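Naming follows writing order (A, B and C), and every chain is counted from residue 1.
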Amino acid sequence: MKKEVIKFLIFALLLLVFPFFAKGGYLLNVLVFVGIHTILAIGLNLLLGFAGQISLGQAAFFGLGAYLSGILTGTYAVNPWLALIAAALIVGIIAFVIGFPILKLKGHYLAMATLGMGIIAYIVFNEAVDLTGGPSGLSGIPNLSLGAITFDSDLKNYFLIWTFTLATMLVSLNIGNSRIGRALRAIHDSEVAARVMGVNARLLKVQIFSLSALLSAVAGSLYAHTMTFISPASFGFNFSIELLTMVVIGGLGSIYGSFLGAALLTVLPELLRAFQDYDIIIYGLLLILMTMFMPGGLVCGLPAVCGALFPKRKERGKGSA
Amino acid sequence: MLKISGITRKFGGLTALDDVSLMFGRDDITGVIGPNGAGKTTLFNIVTGIYTPTAGSVHLEEKDITGIPPERLAKLGMVRTFQNIELFGRMTVLENVMVGLHTQSRSGLLACAFKSPGHLREERAVRERAMQWLDFVGIAELSGVTAANLSFGKGRLLEIARAMALEPRIILMDEPAAGLNSRETAELALLIRKVRESGITVALVEHDMELVMDVCDYILVLNLGRKLAEGTPREIQENPAVIEAYLGEG
Amino acid sequence: MQFFEQLTQYLLSGLSTGAIYALIGFGFAIIYNTTGIINFAQGEFVMLGGMTTVYLISSLKIPLALAVLMAIPLVTVCGAIFERLAIRPLRKPSPLNLVIITIGGSILIRGLVMLFWGKDTHSMPSFSGSEPLNLAGATILPQHIWIFAVTLLIIIGNKIFFSCSITGKAMRACACNRTAASLVGIDVRRMVLLSFVISSAMGSMAGIIIAPLTMTSYDVGIMLGLKGFCAAIIGGMSSGIGTVFGGLLLGILESLGAGLISSGYKDAIAFIILLLILFIRPQGLFRKAETERV
C-alpha cells in the first residue's frame, strides 16, 4: 500500500511543478485537455477495465454534463459550482435508471445498446435547438471562479482541471484496490461465481455505470466552463471511440494507464496537425494492433518491451564503469 | 437442513428433472449420483438459484428459498463450487478468497472510494482471514500466484477455500473430483471430511464412485431426471435398480 | 384523400429503405450465425459498395452497369482481407476484443476511404433513369423497383443456399456448435471466411442500390450499419424472414415518424426501437429466449 501512495504523490508533485518548466500557454492548454480526457478515460475504465462492461456511449454523458452546465449557467445564470454539482447528480441519476435495463445485456448487445444511447443523445443535442443552440453550439458559458480568482487562463485552468483529475485518480485507485474493486473484477472474470460469493452483480454494475457517467458529466461541465463554448460535434460517436482507444491503449484496468492513453491520444493529434486526416486511420490501426499484440495496453506492454530490449539491467550497471 | 420437494424442470420439450425430492441432513455429507444426463447439475443449479424450477420448492432450514438468486443465498449461508472451476482467473489466489469474504465485509462504494478507517481495518482483517482459509485447504504458499496459472487440482482447492471463506452453513460441490488423479482425490476426501468437521453440511454431485462411497453418509441416485433410489452407501451399492442403470441389464 | 396519398408515399419509401436495412441485417446475421461475432464493420462494406462504384464511374469512366458488376467483387475481396487480417489471427477472443477489433476495422476502412476519396458526398445515376411512376397515388422511382427486386432475389437466394446447399448447412452447423462442426469434417475457418465474403457481397449490393437515391460518402456506413443491425436484432439474427420483417418494420416506422412527427429526429427512431427491443425482447420478435448453461 505504501508504494502506491508514494507513486501517487510523485505523480501529483510532477504535475504541480510542471507549469514552471512549461514555456508558454500552448503546452498547458494541451495538458488541460489531457486532464479532462483522463477523467473521461478513467470513468470508462472503471466500467470496462474493471467490471468488463462495454460502453460505446460515454460521449453522451460527457455531452449531457457539458450542456446541463452550459444551459444552467448560460441561460439561467445559476452559480457555476452549483450547476456542476447539479449536472453531475442529474446525469448520475439518469445513468442509474437506464443502467438497470441496459446492463442486463452482455457483450455485443450491450455495446450496441450503449452505442444507440450515445447516438440518441447526439441527435437530441443537434435537434433541441431552443435549448442547446443546435449544430451551431452554445456560447457565452461563464468561467468558473473561486472567490477572487476567475479560471480564465491556461495556467489557472491547468490547476483547476488537474485538481479534479487527481481527485478522480485517487478515488479510482482506492476503489480499485478495495473490496468493491475486487468485486468488480470478479464480475468481469466470472459473473456467476461472483454472484455465488454474494456479490450483487446487477446492482454493482449499475452503480459503477452511474459513477462512470457522473465522472463523465463532471468532465463535461469542466470542459464547458474552460472552453466557454460547446457544440454537438465534440460529443458524437467518434469521440466515444476515441475514449475507447485511450482506455485500450493505456491498459484496461489500470488507472495510470488511462492517463497514458489519454495523454497519447490528446498529444498525438497536436503533433500530427499536418496529418489531420490520418487521425482516424491511426485510431483504427491502434485499436486493432493493440488488441492483437498488446492486450494489456501500454502499462503492460512498455515494461515488457523495455525488459526485452534491456535484459538484466542491474547486472550491466554494476559491471560497467 | 436442506429440503427439496417435487422439483421439476423442463427446458422446452425436454424434462430435465421430474418430481425430485430429498432431505439433506444437517452435518451430513450427502451425494447425488447418476449416469450422465441424469439431471444432477441441473438440480444443483436450481437449488443454488441459478435456474428456477418449473415446479417444486427448496427449503433451507424451514425457509422457502425457491427461486432466490445466488447473491442472496450467499447471505443465507449457501455456497457452491462449479464443475468447470469458475475462478477469477486474472486475480491472485489470495484475492479470489478475499472475494469469498465479500459477505463477511461491508465497505460500500463510498467507504472504499474515500478509504475510511473502518474500511482499512476491514481490509486487513479480510486479508488475514483469507490467508487462514488458504492454509485450511493447504495452498497458502500459492497466495500470490495468478489464479489462471494454477494447476487444475490446485484450482479446485482454491475454489473450496473461496467457498469456505463465505462461512456457509451448507456447501454444494459440483463434481469436485472431476479431473483429479487418485492421490488428489484421496486428499479431497480428507478435505471434505475436514469441512464437515467444522460444522458445515456438504452436498456433492459426483461421478467418482470411490469418493462417493468413501465420504458420503447418504446418497440420492438420479436417472433420466427421476429419483431412482436413495439410501446409505451400502444400500445403494446393493440396489439392483441402481446397478442396472449404471451397468445395463445382466 | 391527400393524407392517404401521403401515407402511401411514406409507406413506400419506408418499404424501400426497409429492404435495404434488411439486406444489411442479413450481413450481420450471417456472420453472427457462423461465428458468433457481431461485425461492427458491416456498415463500411455497404459504404464501400456505393463509393467504389462511384469511383469506377467518375474516375475510371467505366459505364454504370459494368461498374456495379466490378464493385461487388472488389468489396467482397475487401471483406475477405478483413477477415484474414483482423479476425482469423485471434485465437481465443473475448467479446470485448472482438468488439474493439471490428470497431477498429470499421474506422480504419472509413479513414482510408476518406483519405483516398475525400469527404465529399457523391451521387450515382439511377439504374434505369429517374422517371417517376405512379402507384396508388404515390410516386415511385424505378430505383425503388430495383431495390425490391434485388432484395427479393437475395432473400430467395439465401433461403435456397442455407436450406438446400451443403455449404449453407455447414455454415449453420458452425453457428450451432463450432467444435462439433469441425469434428464432422467441416472446415470451420473456411466457413468463417465464406460468411464474411457473403456478408460483404450483400452489404455492397445494398450500398449500391441505395446510393442513387440517398447519395453516398465516406461516413454513410455508421448509420446504415446500425440500422441494419437493428433490423437483424428485431428478426432475432435470422438470415431469412425475421430480418426482412425487422428491416421493413424499421423502415416504415422511420418513414412514418419522419413524415408525421419530425424529420430531424428520424434517425433517433431507429435507435429508440433498438433500445426497446434490446431491453424487452433481446432475442427478437421471432425467437424464444435462450437459457444459459452453467
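Definition applied: contacts are C-beta pairs under 8 Å (C-beta built on N, C-alpha and C of every residue); 3 or more make two chains touch, one makes a residue touch a chain.
Because the structure is a prediction, the values reported are computed rather than measured.
K.L.:
Which pairing of chains accounts for the highest number of C-beta contacts?
P.N.:
A-C
K.L.:
Which chain lies at the heart of the structure, taking centres as C-alpha averages?
P.N.:
Chain A is the most central one.
K.L.:
Can you check how far apart subunit A and subunit B are, centre to centre, with Cα atoms defining each centre and the answer in Å?
P.N.:
The separation of the two C-alpha centroids amounts to 41 Å.
K.L.:
Quick check: how many Å separate the C-alpha centres of subunit B and subunit C?
P.N.:
Chain centres of subunit B and subunit C, defined by C-alpha means, are spaced 47 Å apart.
K.L.:
If you average the CA atoms of subunit A and of subunit C, how far apart do the two points sit, in angstrom?
P.N.:
For subunit A versus subunit C, the centre distance works out to 33 Å.
K.L.:
Residues of subunit C that touch two or more other chains: which are they?
P.N.:
Those would be 294.
K.L.:
Which subunit A residues reach two or more other chains?
P.N.:
Those would be 192.
K.L.:
Specify, in ascending order, the residues of subunit B that touch 2 or more different other chains.
P.N.:
Within subunit B, residues 50, 82 contact more than one other chain.
K.L.:
So in the complex, the part of subunit A that touches subunit C is made up of which residues?
P.N.:
Result: residues 48, 52, 54, 56, 101-102, 104-109, 111-113, 115-117, 119-120, 123-124, 126-127, 192, 237, 241, 244, 248, 277-288, 291-292, 295 of subunit A touch subunit C.
K.L.:
Quick check: in the complex, which residue numbers of subunit A touch subunit B?
P.N.:
Residues 171, 174-175, 178-183, 185-186, 188-190, 192-201, 207, 211.
K.L.:
Applying the document's contact rule, which stretches of subunit C touch subunit A when the two form their complex?
P.N.:
Within the complex, subunit C contacts subunit A at residues 38, 40, 86, 89-90, 95-101, 103-112, 114-115, 222, 226, 229, 233, 262, 264-265, 267-268, 271-272, 274-275, 278-279, 282, 294.
K.L.:
Which part of subunit B faces subunit A closely enough to touch in the complex?
P.N.:
Residues in contact with subunit A: 48, 50, 69-71, 73-75, 79-80, 82, 86-91, 95, 98-100, 102-103, 105, 107-109, 112-115, 119, 122-123, 126, 162, 166.
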